[in-house]
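Chain nomenclature is as follows: A, B, C, D, E, F, G and H, assigned in order of appearance, with residue numbering initiated at 1 for each chain independently.
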C-alpha cells in the first residue's frame, strides 16, 4: 500500500468511476490504524515522502514487533532505528527479509528507493572514531532513501591536515553531514570551506565538560560559518533524512 | 572584484600568458587584506557564494564603517546585519547608496543577485508578533541572495487553525524557515505537514521559563518531525542564508 | 475508619454525649500514627478527599509493606504508586485483595469510590508510545477516584492530523491530561483547541537535548495557550489526582 | 461580534435561509483578519470562551494600539496585559472607555462578563509583598472573566501562623492561586490543607540562588502535595485564566 | 594519642624540662603521617575537636582498612561514613570492636565522648521516609560527638499538622537539623517557628524536577526565614558535626 | 511593644487578674496587622528573638515607609536591609532617629539590644575588597543584635599568608562569618583552622565563570572542612543573624 | 621597594650585621599593609615575580586611587586592569606618569621590566574583531612583564585559510594565547598545529547559545588537542600573565 | 619512523638526489594511514613532539588493538590512556612488551624519551585520596615524556598545614599540576604560593553539589591567583602533557 493507492483513488474520482463519498471513506480510513498503543501513520509517506520509521528506544520488543509487522503488511517497507541485535531477531521472526546494520543500529526490510539524484553525493564526515555509530546511522538512512553517500571518518580539528588532505572530496559533495562529539568544532571548519548546506550532529561522545553532548551542541549552534544547521544530540537518523531531502531538491521525477 | 577575477587569472595560466609565480602572487594577495582589527575575507565569495557579511553587534561604529568602505571598494556589495539607525547613518556617509531595512536591522548596498531559482519560493513563518524582527532578518537575507520569499506571520500553535487555514501556501513552499519564541513548538508542527526542509529559528522572545530562548531551542532540537534543523537563537541571517543555499540546490547557472 | 468516624464524634459532642476533653483525645490520636519511619497521615482523607498514597520509589519493601498493612487495617483502601511486580507480591502477602496495574505501576486494594460526576469524562492524551506508562498512571489514579476516563494515545504533533481526526472526542472532554516527552508541544496545541482545563505532564522519554524531561517541561511552562498548568516530570499520579478534583468541581454529593 | 454572530449563521443554515456556500464564506472570513503583523484570533472566543488577550511585552506601542482598535471594533471587549502607563495612554486614544489597573498592569475596556459561579470564590494568596503585582494580574484577570475573588497577601511560610490564622478563608475557597517568589514553598503548604485545586505561580522576586524564579518554580513542581499544578514564572494572567475555567466547571449557563 | 599528648609537651617546655628544639621535633612529626595515598591528619583533633573521619565513598577497601588501622593505633577512635556492610566487615578484621549503624551507613570504634551539654538536645527532623538515611547519618554523628539527640521523622509540609502537633518538642530543641528532599520546604517552615539555629540538609531523594537534590538545595538557600544555613546535598555528617559544635557553644569543660 | 507586653498578659492570667478570653483577644490581635500589602509580623520577636526586618529590594518607597512607621509605633525598633540613600531619606521623614550604614545598606532606628555574650566575638572575614558590602551587612546586623564583632577584610586564598598572619585573631573568634566571591575558597580554608562554626556567604562579585555567585556557592557547599554551612548569595543579613543566634547559645539572660 | 629590599635584609643577617629579631620585625611589617578595605600584598612580588595588580571592576574610584597611590609609593610600579577612562583620570591625579591603554583597559605606571627571553615571542591570536579587547589585555600584560609579543587578529575557523596563511608565524611562536568567543573552536585548531603551550581564553562575545562565554569555555575545555589549558571567560590578564611565566621558563637571570 | 625520516627526504631534495615529485609522494603518503575507522596521525610527532595517544574510552577492544598494532609497527612507541585490565591484555597479545600502570589506567610500550630538562621537576599535587588516579595519569604521562616528577598527595585545603609543611618542595618545583575534586580550592592556594605555572585539574570525585566536577571546575576557572590554567574534568593526561611542554621550554636539544 503506497502512493499508488491514493493516486488510483483520485484518478477514479477524476474519471467519475468513484463517488466523492466513497473516495472520502476510503481515504479517511487509510491514514493510520489505531492498534492500541500506537497510531501507525501510514499517511506519512504521502505527506513526507518516506514511510514512518520505528524509533526503538523506549519501546518494548512486543510493541516494535507489532508495529513492524503492520507496516510490512501495508507497505513492504520497514525501517527501525536504535535497534540492537535482540530487536533485530524479533523483527526477523515476522519479516524474514529484514537486514541489520549493526554499527548504524538500523533494521530495514523492503525495497530501497531507487536513486533520484544521480551523480551527486552526500558526504558524511566524523571527527572521531567514537562518533562513527552516529555517522553510520546518518549514512544508512540516506542510502535507504536512495542517495549516493561518501564518508570521511576521524578527521577532527586536532589534526586539521587530515581534513585538508581530503579537501577535493569535501568540495565535491552536494550536501554535508558533519558528526562530532567533545568540542564539536568540525562543522564550523567544514562550513567555512564549502558553499553547500552543512548539517551538524553533536554526539554524546566525550567526558567531563562535554556534558553528554551539550558542549558540541553549543559549539555548533554558535558557529560563525553561515550555512550550518544543527540536529539533536546523536540524531544521525534526522541528519541523514534532512540531507536526503536537500540532496533531491528541485529534481523532478519523470 | 569577483569570481570572474579568479577565473581570468586561471585561464591565463592555462593559456600560458601568465607565469605560475605571478599567478600565485596575485591570488595570494587577494583573499583578505589585513586592516589591523579585521581580516576582510574577500575570498569568501569564491568559497561560499556570498560576500562576507558585517555582523555589527560588538563592533564599534568606526570598525563597521571602515570594513563597509573596504568591501564596497572591492565588491560594490555590502551587507551589514544587527544594524541600528546610527550604524546605517555611519555607513551612508561612506556609501550613499546604502539602504536600511529597520525591522530586519539590515543595511545593504549594491546590486542584488538576480534570482536563480525562478518560481520556487522560501516561506518564512513566525509564531508571534514579537518574532517578526528575526523573521524579517531571514527574509531580507534570502531576498538579497536572489530568492523569492513569502511570509506567514503570527500563526503560533495556540491557534493551530490559523496555520491550517494557510496549508496550501505551506505545502507549495520549497524551503521553510520557521521562527518561534516562548514554547517554540511551531517548527515541529510545520515539519509534520511538509516534505521539504524546515529550518527552525528559536527567538529570545518570551519570559520566565523561556530563559532567553533556551526553551524554544530545546523544543526544536527534540522535535519528533524529521527534516528539521536548528540555528542559533535569534539567528535570522543564518536561517535565511541556509534557506537560500537549499532553495538553489541542483540548479545549474547557464 | 473514615469521614464517618469523625462525624460520629462531632455529633456526639453536639448532642452532649461526649465530653470535649474525650473528643479531643480521640481526634488527636487519630490523625496519624507514628510507626517509627513514617507518620501515616490518616487525617488526609478528611482534608483532601483521598487517603494517603504510598509513593514506593525510595522506600524499602519492608517499609511499603508495613505502611500498606496499617492503611488497610484503618481504611480498607490502599493505593501504592511507582510499584513494580516485587512490591505487588509483598503487598499481596498482607492484603490478598490487592490488584496490580503493570503499565501504570500502581497497586490498589479496597473499594473504588463511586463515580460522582456522571457522564462527563477526563481525557488522557499521550504524544508517543513511550509516554504511555505515565499516561496510564494518570488514568488509573483518576479511575480509582471514581471518574470516567477516555484515552487518546500516540497523537504527537509530528502528525497533527492524528489529533485533528479525533477533535470531536477532544472537544467533548471535561478535563484533559496531556502527556508528552521529547519536545512536549502537544499540550499547547490541545490547549488552543478547547475551553477546558488542560493538565500538562512532561515525561523523561527522549534523548539528547530533551535532558530527562527538561525540554518538554520548559515547552509546557512557556506555552502560549492559556488554561494550561504543568506538573512534575513523569508525575502521572499528580495529574490524575488534580484532574479528578477539577472534574468534580461544583458537584454536590447528595 | 461574538458567539451570537456564529449562532445566527448556523441557525439560518438550519432553517434553510442561508446557502452553505454563503455561510462558509462568512465564517471563513471571520476567524481572524491578517493585519500584517498579527493574525487577530477573533475565533478564539468561540473555542476558548474568552477573547484574545494582548500580551504587550515585546510589542511596539503602534502594534498594541492597532490590535486594540481592531478588537474593540469587532467585540467591544479588549484586555491587554503587561501594560504600563504609556501603553494605557495609547490605548485610551483609540478607546476612551479603557480602564487601567496599575498594580496588575492590565488595561481593559468593555463589559465584564456577568458572574456565572455565584457564591463560590477564587482565593489569591501571595507569599510576600513583592509578589503582589503578579497576584493582582491573576485577580484582575479572574474578575474580568466574571468570578468573585478574595485575596490573602503576605502570608509566606517564614511565619506560617499568618496563614493558619486565615485557615477558615482558605478552606472556603473553591479554587486557589498561590503566588510566591524566593523559596516558593507556600503552594505546597496550602495544597496540604485543602481538597481544592491549587494553581501555583512562581515569581521572579528574590535574589541570589532564586535565579529569577527558577528556585520557586522547581519547589512548586516537586511539591509533595497532590492537587497542585504550576504555570510559568510571573504568569499571573495564566493562573487567573485557568482558575476561572476551573471555578466554573460543570455549571450550565441557562 | 590526643590533646593531652600536646599539653604534656608544652608543659615540659614551660617547666624547662624539654628543649625547644626537641619539642619542635616531636610536634612536627606528629601532625600527620604520610602512608603513601593519604596524609592522616592526626593534628585535626587539636584544631577541630574531633578526630579525622574516613569518608569511604571513592576509596578502595584496602585504603579504608589501612587508614582505619592507623587511626585506631594512634587514637583508639575511628569513624567512617558512607560505609556499606562490606566496608564494615573489612574494618572489623583489623578493629574487632567496630560497630555498624546500617541506616546511617557509619562504622565507629572507640569510646564515645562523654556528653558536654547536658539536658539540651539536638532535634533531627526529616520530611519523608526516604530522607531517613541522611537524617540518621546526622544523628549518629552528633551522638558520637557526645550530644543528646531527638528525632522527628516524616513530617513534611504536605501535611503541616504533623509538624505542628509536635511543636512543643520543636520549640524545646537547642539546635535543629532539618533534612528534606523533593521540594525541600520544611527547613523554612521550621525556621519560622523557632529562635534557634537551623541546619538545612537537602537530599537527593525525589524525581523529575528535583534534579538529584538541586530543587531542595535552592529552596533552602532562598528561604525567607533567617537563622537557617545549608550544607551539601545528602551531607548528614556535616550537619550532625556542625549541630554538635553549635550545641556545645559557650560551655566550658571543667 | 515587646516581649514584656506578652509577659505582662501571661502573668496577669497566672495571677487571675485577666480572663482567659480577654487575654486571648489581646494576644490574637497582636501577632500581625493587615495593612493591605503586608502582614507585619509583630509576633516574630516572640518566636524568633528579633523583630521583623524590612527587606527593601522589590518594595516601593511608599510600602517601606508605611511598614517602617507601623513597626516604629509598635516596637520603637526598625531595621531595613538593602536600603539606599533614597530609602533612608524616606524613612527619616517618619522616623527622624533613623541611622544609615551606607556600606552595609542598612537603616536602623531604636535602641540596640545590650550585649548578652560579653567578651566573645563574631569574626567577619572577607576575601576581597568587593565583598565588603556583604560583610558589612553581616557586621551591622550582628551588632544590632548586641554582639561584639571583629573584622578581617581582604585575606583571600590567593595570598594565604595574609590570613595566616592573623591566625591568632581567627582562633580566638567564637563564631566566624566568611564572605567570598569569585572562587569562594576562603571558608573551606578557615574552616580547616578552627573548631568553631563557620557561616559561609558566597557573593555575586566576580566575572565570567563565577556566574553571579554560583561558583563560590558550589565551592562552599562542597567544602571538605566540616563545621561549615552556607547561606544565600549576598545574604549578609542572614549570616549576621545566624552568627548572633549561635554566639549567644546556652547563655541564660538573668 | 622590591626584591632587593629583602635581599639586603637577608644578607645583613647572614653577615651578622642585623639581629634575627630585628630582621623578623622588618620583614613581618613588610608583606602587606592594612589600609582598611584592602591588604596590599607587597609580598607578592617576592612570591610571584610580579607586583599586585589592581582589578578595578567592583571597586570604587576612591578605593582604586588609594591602592594605586600606596603601591606607587612603595614600588614605583602600578598596573590596574578593567580600567575605564574615568579610573585613568583618577589615578593620574595621584600618579601623573600613568599611561592608559584604552583597548586593553589597562592603566600602568613605572618602569617596564626589561625583556628576559630575548628573541622568542608570545603570539596572541584572536578569532574575531569583537575579541580584540580581551586579546589586547593579554598583550599589554605580557609586554609589561617584559615579553616580546606578536598578534594575529580575526583569523576565526569560519575562514580557516586566514590562519593557515600565517602558519609560519604560528609555528615560530614560543607560547600562544588564543582568544575566541562564539563557538571558541580556534584554540583547538591552533593547538593541533604547534608543539608549544596554548592558553585558551573564552570571551563573552556572542549571542544566543553562546550564553555569555559558556559555549566557547566548554569547547576549549573539551578540545581534543593536548597542550591546551583554559583561563576564565574574558580573562586576558590571566592569560598574558601565565604566558609570560611560561615564556621565561628555564631562563636564568645572570 | 620519525622526525629523521622527514629530514632525510628534505635533505635529499636539497642535495638534488630526490625529485620534488617523488618527495611529495613520499611525504603525502606519510602523515596518516586510513584504516577504515581511524586516521592514525603519524604526522603528529612531527608537529607536536609526541606520538598520537590512544584514548580508549568509547573505542572497542578491536579498534584499540588494531590502532596499537599499527602505531607499534611504525614507531615502536604506543601510549593508551583510560585503559583497563582487559584492554591491557588485548594490547599485550600484539605487543608483548606492553606495560600497564593500573592506577593511572595507562598502557605503554616502547622506549621512553630520555630526559631533556635534567634537575628540574614537575610536581603533581592531589587534594584527596580519591583524586589519585587522575594525578597518576598526569604523572605517568609526564614521565613517559621524559620528565622528572615528584608527587604530594592528600594535602587538601581542609588541613592547609599539610600543604604548608611541604612548602619547600612546592617552591622548588618547576611546573605544578594540582588535581582536586569536591570544592577544588587547592590550585588557587598553591598558585598564590609559587611563581611557576600551575595546571589545575578538576576531578569528578565528590557528591551532591560537586555535580560530577562542575564545582571544582568553576572554582579553578575563577581563581584569583594568576598563573593558573585549567584542563577538562579528570583530564590527567592533558595536564601531564602540557606540564611536560612547559617544563622543557627554552631548552635546546644538542
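Note that in this section contacts are C-beta pairs under 8 Å (C-beta built on N, C-alpha and C of every residue); 3 or more make two chains touch, one makes a residue touch a chain.
Owing to the predicted nature of the structure, the values given are computational and were not obtained by experimental measurement.
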**OP:** Could you tell me the least number of steps, going only between chains that touch, from subunit G to subunit H?
**Re:** 1
Original post:
If subunit E and subunit F share one sequence, what is the angle of the rotation that overlays their CA atoms, in steps of 5 degrees?
Top reply: 180
Subject >> Chain copies touching (subunit C, subunit E) - same or different residues, decided at half shared >> reply: different
Original post:
In whole angstrom, what separates the CA-based centres of subunit A and subunit H?
Top reply: 39
**OP:** Could you tell me the distance, in whole angstrom, between the mean C-alpha positions of subunit C and subunit D?
**Re:** 26
Original post:
At what distance in angstrom does the C-alpha mean of subunit E lie from that of subunit A?
Top reply: 55
Subject >> Where subunit C touches two or more other chains, by residue >> reply: 128, 159, 192-193, 208-210, 217, 221-222, 232-233
Original post:
Between which chains is there touch?
Top reply: A-B, A-C, A-G, A-H, B-C, B-D, B-G, C-D, C-E, D-E, D-F, E-F, E-H, F-G, F-H, G-H
**OP:** Write out the stretch or stretches of subunit G touching subunit B in their complex.
**Re:** 129-130, 132, 153-155, 159, 161-162, 165, 205, 207-210
**OP:** Could you please specify the touching residues of subunit B with respect to subunit C in the complex?
**Re:** 127-128, 156-160, 164, 182-185, 188-189, 191-193, 206, 208-211, 214-216, 218-225
Subject >> Residues of subunit B touching subunit A in the complex >> reply: 47-50, 53, 117, 120, 174-175, 192-197, 199, 217, 221-222, 226-233, 237-239, 241-242, 245-251
Subject >> Parts of subunit D lying in touch with subunit B, wherever the complex brings them together >> reply: 28, 31-32, 36-39, 41, 43-44, 47, 57-59, 63, 202, 204, 213, 217, 232-235
